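The two complexes that follow have chain A in common; it is paired with chain B in the first and with chain C in the second.
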Partner chain A sequence: MNKYDAIVIGAGHNGLTNAAYLAKSGLKVLVLEKNEYIGGAAVSRELHDGWTYSNCSYVCSLLRPEIYRDLNLQKHGLQVLAYGGSVSFTKDGDIFGAYSDQDLFRREIGRFSKKDADAYVRFTRDVSKQCRFIKPLLLRTPPDPTSFRPKDLEELLYLFKRLYGLGEQTMYDTIRFYTMSAAEYLDEYFESDVVKAALSGSGIIGTALGPYSPGTAYVLLHHYMGEVDGSIGSWGFARGGMGAVSKSLAGALQEYDGEILTNAEVTQVQVKNGKTTGVVLANGDEYHAKNVVSNLDVRRTYQDLFDPQDLNEKLIKQVDNYKFNGSSGKLNIALDGLPEFPAMGKNNPLIYADMHFIDSLERMERAYDDWKNGRWSQDPYCDVLLPTMTDPTMAPPGKHYMSVFVQYAPPKLATGEWTDEDREGFGKTVIDQIGEYSPNFKDLIVHAEIRTPQDIEDEVGLTEGNIFQGELSMDQMFFNRPFPGYAQFRGPVKGFYMCGSSTHPGGGVMAAPGANAAREMLFDLKRKNIVPTAENDD
Partner chain B sequence: MLQQDHYKQSVYKTPFHERTSALNILNEWARWKDYTVATNYFATDLEYFAVRNTTGVIDYTPMVKQKITGPDAAEFVNRFFTRDMNKISIGRVGYVVWCDEQGQVLDDGTVFHIRENEYWLLCVERQLDNLGIAAIGFDVKIEEITDEVACLGVQGPTSCSILKAMGFEGIEHLKPFDIKHYDFQGQEIMISRTGFSGDLGYEVCMVNEVALNFWDDLFDKGEIYGIHPFGLDALDLVRIEAGLLVPGQDFMVAEDAIRPGSTRSPFELGLSWLVDLSKPVFNGRQALLEEKKRGSRYTFVKLNVNGNKPAEGSYLYNQSGKKIGNVTSAMFSPSAKANIAFASLHDPWKKGKDKIVAEIYYQKDLEWNKVMEEATIVTKPFFDPDRKRTTPAELY
Partner chain C sequence: MMTRKNKNIAIIGGGHNGLICGSYLAKAGFKVDLYEARSDIGGMASTRELADGYKVPGAAHLLHQIDSGIQKSLKLKQHGLSYAASGLKTVSINPKGNALIFDDDNISGDDITLREQDQYKEFKVNMKGLSGFFKKTYQSRPPRLGSEDRKDLTGLMSLGWNLRTMGKDSMRNMLKFIAVNIHDVLNEYFEHEHIKGSIALDALLGNRLGPRTNNSVITYLHQLTGDLNGVQGSYAIPKGGMNSYTQALQKAAESAGVTVHLNSPIKQIDLDDENKVKGLILENGETVQADIVVSGIDPRSTFMCLVGPKYLEPGVVHKISNIRMRGNTSKLHLALSGLPVFKGVEPDDLGHRIINAPTMKYLELAHDFTKYGQYSDELPMEIIIPSIHDDTLAPKGRHVLSAIVNNTAYHLKDGWDDSKPKILENCLNQLENMAPGIKKLIVHAELLSPVDFENEYGITGGHWHHGELTFDQFLMLRPISGMAQYTSPIESLYLCGAGSHPGGGLMGLAGRNAANEIISRES
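What follows is the complex of A and B.
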C-alpha cells in the first residue's frame, strides 16, 4: 500500500520536476510535502483578500525551455509573460533606464557616458560568449574530474571541446570571468558609476557578496543566462504568480500518475545495510521505496533526515562546511492603486520593468557592509516589480501587487535572532526607501508581508533563507556542487539522491537540478533516458 | 545633451523626413540605427535606374559620424586604421578598415581628412569605445556627431550638373575622393566626390538647420536633370554592382561575433590593399603578420553565376560536392544583365582548380525549387563606368 518505486521529499519545483520525469518513465512516484501547499519557494498565495503574491521567487526566465516543452507545461496552465527592461533611480532625481529596445537603451547609457554606450556592444558580446559556453552545461551532469569512468571521461572531453571552441581569447577571459568581481569586470568596459551599479545588480542578487567580492562576475552571468522565448537576458512573469510553475509541474506529474501528499513532513530517511528503504513522517507514517530523492537543501537533508550513523564523517563535515549565507529578504505589498514615480515621467514603459534605487557601486558595497556587521542594509539594494502591470490575475483591476526583493538581510542579526520588532524595522527601511522615490506609495499600502531570511527558512525550509540553496561561489559550483564527490546527484547511501538547487546548476527556478537528478536515477535503474538535453544554439 | 524623456521617440526622424515622407508614396520604411529611412519611395527598379541613368538622392543621415581632432590626430588615425593614413592628404577621403587585436575587421568606413588635425570617420557601427581605447596616450578629442550632421548622397550621371546648377562653383573639378567646402545660405557645407553607387556621385554633409532648404533647392534644380529619391533597397542593388561590402551582411562585425571563426580579416575580405604591414604599429598588425605567414582561412570573391536565379544565401560546393563557402550578397544586375554575388570561400576550395557551384532555391508559383548553378570569379566591379573617374566630371 505505502510502497513506491521512488519517493521525493519536498514539492518544490525541482522535486516536482524530478518526480514528473520518474513518473513519465513509468515509475510509481510519491512526492511528500510538509506544507499544506506545494511549490516550495515557487508559490502563489493569497494572504490578503483579492491579492495573489509570488511570495518568494518572483520572476521567471531561467526555467529551462526544454523542460517547459517536454513536460508540456503550457497544457498544465503555465504561461510566461515577458516584461521589458530595468530602471535605476538616482539620488539626484534622474533615472537610468535599461530599455528593452537596444537603440533606446544605448542612447540612455549615452546620457551618462557616450563611450559606455558603445562599450555596451562589447560587453554584451563577451557575456554572450560565456552564456553560450555554459548554457548547454545546465542540463548535463558535471563530470568527476578525478574519475576514469568512461562516462566521466566522455563528459570531460565534451567540456574541453566546448572550452576550446570558445577560441583563444575567450578561453583566457573565461578563467578571469569566474574569479573576478562584478565591479572589476564592469570596470573593464564602463566608466559611469550609474551604469556600473545598474549592471552589477544581478551580480549580487541572492548572494552574500558585495559587487567588489571575487566571484560575483559569475553570479551576474547566472542571471544573464535567462531567456524568454529565445530573447536572451530578458525576464518574465509566470502568469498567476510563481505558483503557476509548480502547479503546472504538478499537473505534468499527475498526468503520469504520480502522487503528491501535502501536510506530510518527512523526519527520517530509513537506511538498511547501506541502502535506502523509505521514509518516516512526523506523524509516524512510513512510506517505502528503494529510491528516495531529497529536494531539500543539503543541510536539512543530511542533518535533519539522516541518522548520523548512516553517514560517513567526511560527508557530515562537508555538510557543515557548505556555505549558505542567507542574504536577502522579501516584501510583498498590496497597493490600492498605481504608485507614481515622478523621476520617470508619465507613461514611461519602465513602469513594467524591475526598479532599483541604488545608483553607485559604493552604495551597494556599503549595503553589503551592513550584512557583514549583522544588520539589514540601511540603504538596501531592492529589486522592485509591479507584476500586476503585466499580469491581470494577481490583484483586482486598478489595484496593484508590488514584489520587493531586498538585499542585504543577514540570517541572524548581531543582536541575535530576528524579533517581530526587527521585522517591522526591516520593512520600514525598505518602504521608506521606495517612498523617497514615490510620494504616494506609502498611502497606497493596504497589506504588506515582510519576510526575513529567518521567516523564509521557517516557512519554505531554505537554510538561512538562501534563495539558491547555498551560495553560488566557484567552490560550490559545477563538479563541486554541493561538494566534491557528490556532484552527480547521488547521495552517500544506495538509492538516495539529491535534486534541489544545492545541486548542479544551482538556484533560480531552472528546474534543471530536478531534471538532471532524474536522468542519473534512470541511468542507475537501467531505464531509458527521457530527460531532454539542452537545445544547441549553434 | 539628450533629455530623460527621449524614450517617447524610440526612433528618430531625420532632418529630411518632412520631404522624404512626402515623396515616399509606398510608405515603406526601415529602421537604420536611431532613424527611420525609406526602403522604397515609388518603385525599386525605377529608383535604381534613376541612380544609373540620371540622379538619385539618398538620405544617409543615420550613418555613424565621428570627429577626431587634436594635435595627435594624424598620428592617431595612423595607429587605428590598417592603411597608411599619411597618403590621405587634407581635402581627401580614404576608404578604411580597422581591426581588433586579433586582426579581425571591426568595421569599414570612410575617413575624411577635413583640415589639419581634423578627421571625420563615417561608418556603420559606433566606434567611440574602440577609438577611445586606442586613443589612450594621444592628444586627441573624439566626438560623435551623427545627430548634428545631415547627409545626402547625390548619385548618378547628372549629379554634377545639378550641383553646379545650385551654384557650387568648380564642383566638376573635384577628383574622386576630393572634399570641398561651400557656403550654403550662410552655413558651411561639405561636398565630397564619394558615394556607394560605383558611379559619378557626391555626398553632402550639412548642419541640420539647412537640411530642408538644401533638399528643396536640390530637387528644384534637379528636376530638369531627372532627379529622384532612392531608398535602401535600390542602394543595395547599386552597391553590389559596385562591388562594395556591407558590414553585418558581407562579414560579421568582430564586435558582435560570439563564435570564433565567424569574423574576417581584411585579407579575407579582399582588402589587402588597405593593409600596410610596413607601418610599425596599428591595431591587429601582429595577428595580420602571422596570418600572412600562415595563410588565410577565407577568400572573398565576386561571382558571376549561371542562370537568372539570384543566389541569395546559397551554399557553395566544389565539383565533388564538398561545401566550400557561402554567398553573402546576391542579385540579378539590371545593368550587367548578369546574375552576380559576393561570396566567402573556404577549405577545401582550391583556387584555379575547383569549380564553384551554387545551390539556389527559388519559388515557382509559391513552390520552392532548387537548381545547382556553376559560377565564375570576377575580379572587377560588375559596374564600372569611366565617368566614375573622369575629371572634370561629365556635365549634361
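What follows is the complex of A and C.
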C-alpha cells in the first residue's frame, strides 16, 4: 500500500516533529529520508571507533519545551543535560569567564570594568524583555500583513496589542534592537572589548554578518532566549548526542503509528490539476498522498523536486533570490585525553562551557571580512565544546570528544570550489588557533572530521551549508520567511507545505517550524488543532 | 494674553533648516531672530573661496532633495534661486574607461544590453514606488508610539494607511527590503557589476556604510525622495555658487520678518529656575531674551554643549551621547588651469555628475578600511566641475572641481594630521588615473576632512546629516526616542536641524515640520 494521508520529505527534526503531530491527529503519515540514518543535521554518528559525534548541530538551545512535553520526548529517550557559561581566552594569557552563576559573572566582568558589571544588570533586563516579547511568537503563524482575511487581521491585532503592551520606551527599544548591530547595541552598555566580544558571539553564529553589521543584535536573542527560557529540555546537551533528539521524535511518531523509510530519496513532487498527488523516489517508487510536506530548504524543494511548470514565475524568482550565504564550518575531534588550557588553570568549571579564542570585536569583524573575500577566516571565531565533560557516553572512558563550530567559512572560495587541500588548510587554521591556548591539544588528536559548508551541503542537504536553511536577516524573517506571501507554511500548489527551518521561526533545533506547519495543515484539513501554543509567562 | 506677535523666537544656526524654520515661524506671526556663528549664511550649503578667483561649494555641492512645496511657498525663485544646470546625468566611470551613463530612468554605455536597460527601468519604478512612501512620511512629524494623543494616533494610522495603499507588491517589497542592504537588493535585479556599483554609491555617499551593511536601503530610498523640477532623483547646480540657495532662503526669511545676526556664536541656552528657556547667551557675553529657542545645529551640540548635561535626566544624556554621528565624508577641491579629460567621458558629459564606483566590491573594500579607522588607496568619489556651467566660479578659461570623497573616517587610527597629506595624495593619484594629465592642471588643491567640517561648521563628528541615517535613528527614533516631534525635555526648546526627522540632504523638511509643530503648540 503506497497511499498515505500525508508524506513528509526529509527526516530532519522538523520533518519528524511535523509528522508526529499529523500522526497524533490520526492521519496516516510516511516520512521519507534520503540518508540511511534519520535526523538531518541533528544526528549522532560514530565516525571514529568508540566516539560518537554530534557532527552537525551540537546543542539543544531552543528546543520548544511545549513540544518536549507534549510529545513525551523524555519517555522516548531524550535527556537534556544542562550546561552553561562560556569562556573567552585573551591574547595576553588571561581568560574572561561568563559563568552561569550571575553573581560570579558580574564579579568577573568587574575584573575588566566596574562600569560594565553594573551595565550587565541593565543589559540582561533589557534583553530579557525582548526575549519575553518574541518567545510566544515562535509557535504562532505569522500573519500576512497585506491580507484582509479575518485570520490575518486577528493575528496582526494580536501582535499590535502585544507590542503596545510593552509600553512606549520598550517599543522604541524593540525597533532599535532588531535593526542595530551587536557591536553598537553592546557599545551602549559596555566599554570593555573583551566583554563585548564575549557577549556578541551568539550574534554572528550561523550568519554571514559581522558584529558591526546592523541586524546582528537580534541574533543575540537566540542565545539569550535559551538562557532566559531556562525550561527543562530547552537548553543543554542531548545525552548521547544530538541524534537523541531525532530518535525521540521518531519514537513519538512511531507511537502514533507513523512510518519512516530511510534510503528513500524523493526526486519529484507530483502535481495534477494544481493539486499535490504524491512523490516519486530516485528508484522510481511512487507514494501517493494528497498532502506533501517538505522539510528541505526552499532551494532544494522548489528547484529539485518540482517541475517548473507547476510553479508560478514569481515564486521561481523568489527561490532564485533566496539568500543562503552559508558561513559556517565544523570540526569534530576525537581526543586521547583532556586538553589542558593553562590560562584557565586546573579544575576550572569553565571546561564544561563554550570556549572562544577571540577577544575583540575587531578580530571578529575581520574574520567576517575574510568570508566576504572568499576565504575562510584566518583568525576564526570558534565555539568549542567538550560534550564528554557533561556526557561521558560519547567517548571511551578517559577520552574526549571536542565539537568545534567555526565562523566563518564561505560556501565557495575565491579560488573556486573547496578542494581536499583547502579542507586541510581550513582544519589546520582552526587546530592551530586552539593549539595556541592548549599546548597538549594537538598531540591528543586521534581523529578529526573537518566539515566545510560544501561538505554540510553534500551530506545533510542544506544549501550552501547554511545551518538555518537560509540567512536569518530581516528580509527573510517572520512574514518574509521564506518569501512574502508564502510565510504560512503553504506552498504554491494545493496540498503542498513547507516545514523546515526555511520557514518561521527559522533555524536552530527548535522543532517550531515543524509544529507550526502541522497546525496550518490540520486547519486546512478541518481537523482539531493539537499543536501546543507557547505558554504565556508574562 | 500672549499672542504670537509678542512671543520671541531665537533660532540657533543659519543653515538651510534654520532659515526655513524661521521663515515659516515669521510668516505665522512670531518675532524671529536667527543667530549664525559664521560670517556668512548657509552652513553646509555655502560657498568657499578656494584660491584667488576660485570659488567652490563648501560642503554640499549638488541640489537634489529640496522639497518642491517649500520651494514654492517660500518663493525661492523670486528670491533669486536659479539653476546653472539641472537634470544632470550621472556618468559612472571605471578603470577600463567604459563610462556608464544614467539619464533619469535610462542607462547607456559599457556594453549595456536591452535587457539590462529594462531591468534598470523596472528597478527604478519599484524603488520610486517605495521612496514615495518615505516622501509622504517626510511631510509631517513622526507619531509617538504608545501615545493616546489624537495627533499621534492619526499619524500612526496614516503611516499604516500609506503602507497599505501602496499596493500588495510594493508593500511586500517594502517590508522585505526596508531593513536590509542595497547589495542584496541590487543582486536581485542585476548581474552587471558596474551598474550595481554605480547605484550602490547613491546609498553610501555621506554615510558610514558598505553595500552589504544593512540600512543601506533606507539611505538609498532617502536620497531618491528628491523631486527637483518634478523629476525624482534629479540633480542641479545652483547659479552663482552653492550659497545662492541659502542666500535665497535668507531673503525669503528676511522678507517674512526674520532678523539674521551673523558672527553670533552661542555660548549657552539660558534657562530659568524651572528649566524653562529664558533666552540665549552669546559667546561675547551678550544675553538675548527669548520665549522659545529653536536649534538648527546638531542635537548633541545642542544638549551637551549649549544646555549642559546637568540640566537633563541621565537617561536622556545616555541616549544623546549614543547618537551615532561618525562622519565619513571628505571634500576634495581643485583649482584647475584648464578642463581635464576623463577616460571614456565625452566632452559633452564632463559637466555632469561623474562618479567613481566601478563595482560593489570596490565600495565594500573601501568600507572595510573605514571600520578599523583606516583608509583605502581607492576611495569612492562623486565629482562635479561646476565652473563648466557657471563662469562666476573661476577666472576665464579656468575651472574648479569639487568631489565628495567617501570612506574617510572621522576617527583615524593615525589621526587626521598625519593622514591628510597621504589621503590627498591618494585622491590626486586616483584622479590622475581617471583623468590622465589632471595633476598638471592643478593650481591649488585642498582636502576637507570630517574633522575640518566639525571645526568649520560645528557639527559633532563632522557628520553631514547631523547623525547617521539608519533604522534605529529614523522616524520616531530620530534624533532619539522621545524627541522625534522636534520637542525636547527643556520646555520651549525645539529642534529643527537635520538631526531630526527626516534628516539631511538640503530638503528643508526638518525645518518646516518643526515650524509647524511649534506653531501648533505655541499658539
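We adopt the following convention: the second predicted complex is superposed on the first by the 530 of 538 C-alpha atoms of A that agree within 3 Å, B and C clash if a C-alpha of one lies under 4 Å from a C-alpha of the other, contacts with A are read in each partner's own complex, and residues count from 1 in each chain.
Keep this in mind: a residue touches a chain if its C-beta (ideal position, glycine included) is under 8 Å from a C-beta of that chain, and two chains touch if they have at least 3 such contacts.
If you're wondering where the values come from, they're calculated on a predicted model, not measured in any experiment.
In the overlay built on the shared chain, the residue A:Tyr99 is in contact with chain B alone; chain C does not reach it.
By the touch criterion stated above, A:Gln169 is placed in contact with chain B and with chain C alike. Residue contacts after overlaying the shared chain place A:Lys196 against neither chain B nor chain C. Shared-chain residue A:Lys135: touches no atom of chain B or chain C. When both complexes are overlaid on chain A, the residue A:Glu108 reaches chain B alone and has no touch with chain C.
Using the contact criterion defined above for the overlaid structures, shared-chain residue A:Ala119 touches chain B, although it does not reach chain C. After overlaying the two complexes on the shared chain, residue contacts for A:Arg299 are found with neither chain B nor chain C.
With both structures placed on the common chain, the touch criterion links A:Gly345 to chain B but leaves chain C unconnected.
Taken together, the two complexes place residues 166-169 of chain A in contact with chain B and also with chain C. The part of chain B that touches chain A in the complex is made up of residues 1-2, 4-7, 10-11, 31, 33-34, 102, 125-130, 132, 144, 255-261.
Touching chain C in their complex are the following residues of chain A: 145-146, 164, 166-169, 171-172, 175-176, 178-180, 184, 187-188, 209, 212-215, 321, 323, 362, 365-366, 369, 372, 473-475, 479-480, 484-485. Residues of chain C touching chain A in their complex: 144-147, 164, 168, 171-173, 175-180, 184, 187-188, 212-215, 318, 322, 324, 364, 368, 371-372, 470-472, 476-477, 481-482. Residue ranges of chain A in contact with chain B, taken from their complex: 94-95, 97, 99, 101, 103-104, 106-108, 110-111, 114-119, 121-122, 125, 128-129, 132, 165-170, 345, 348-350, 538.
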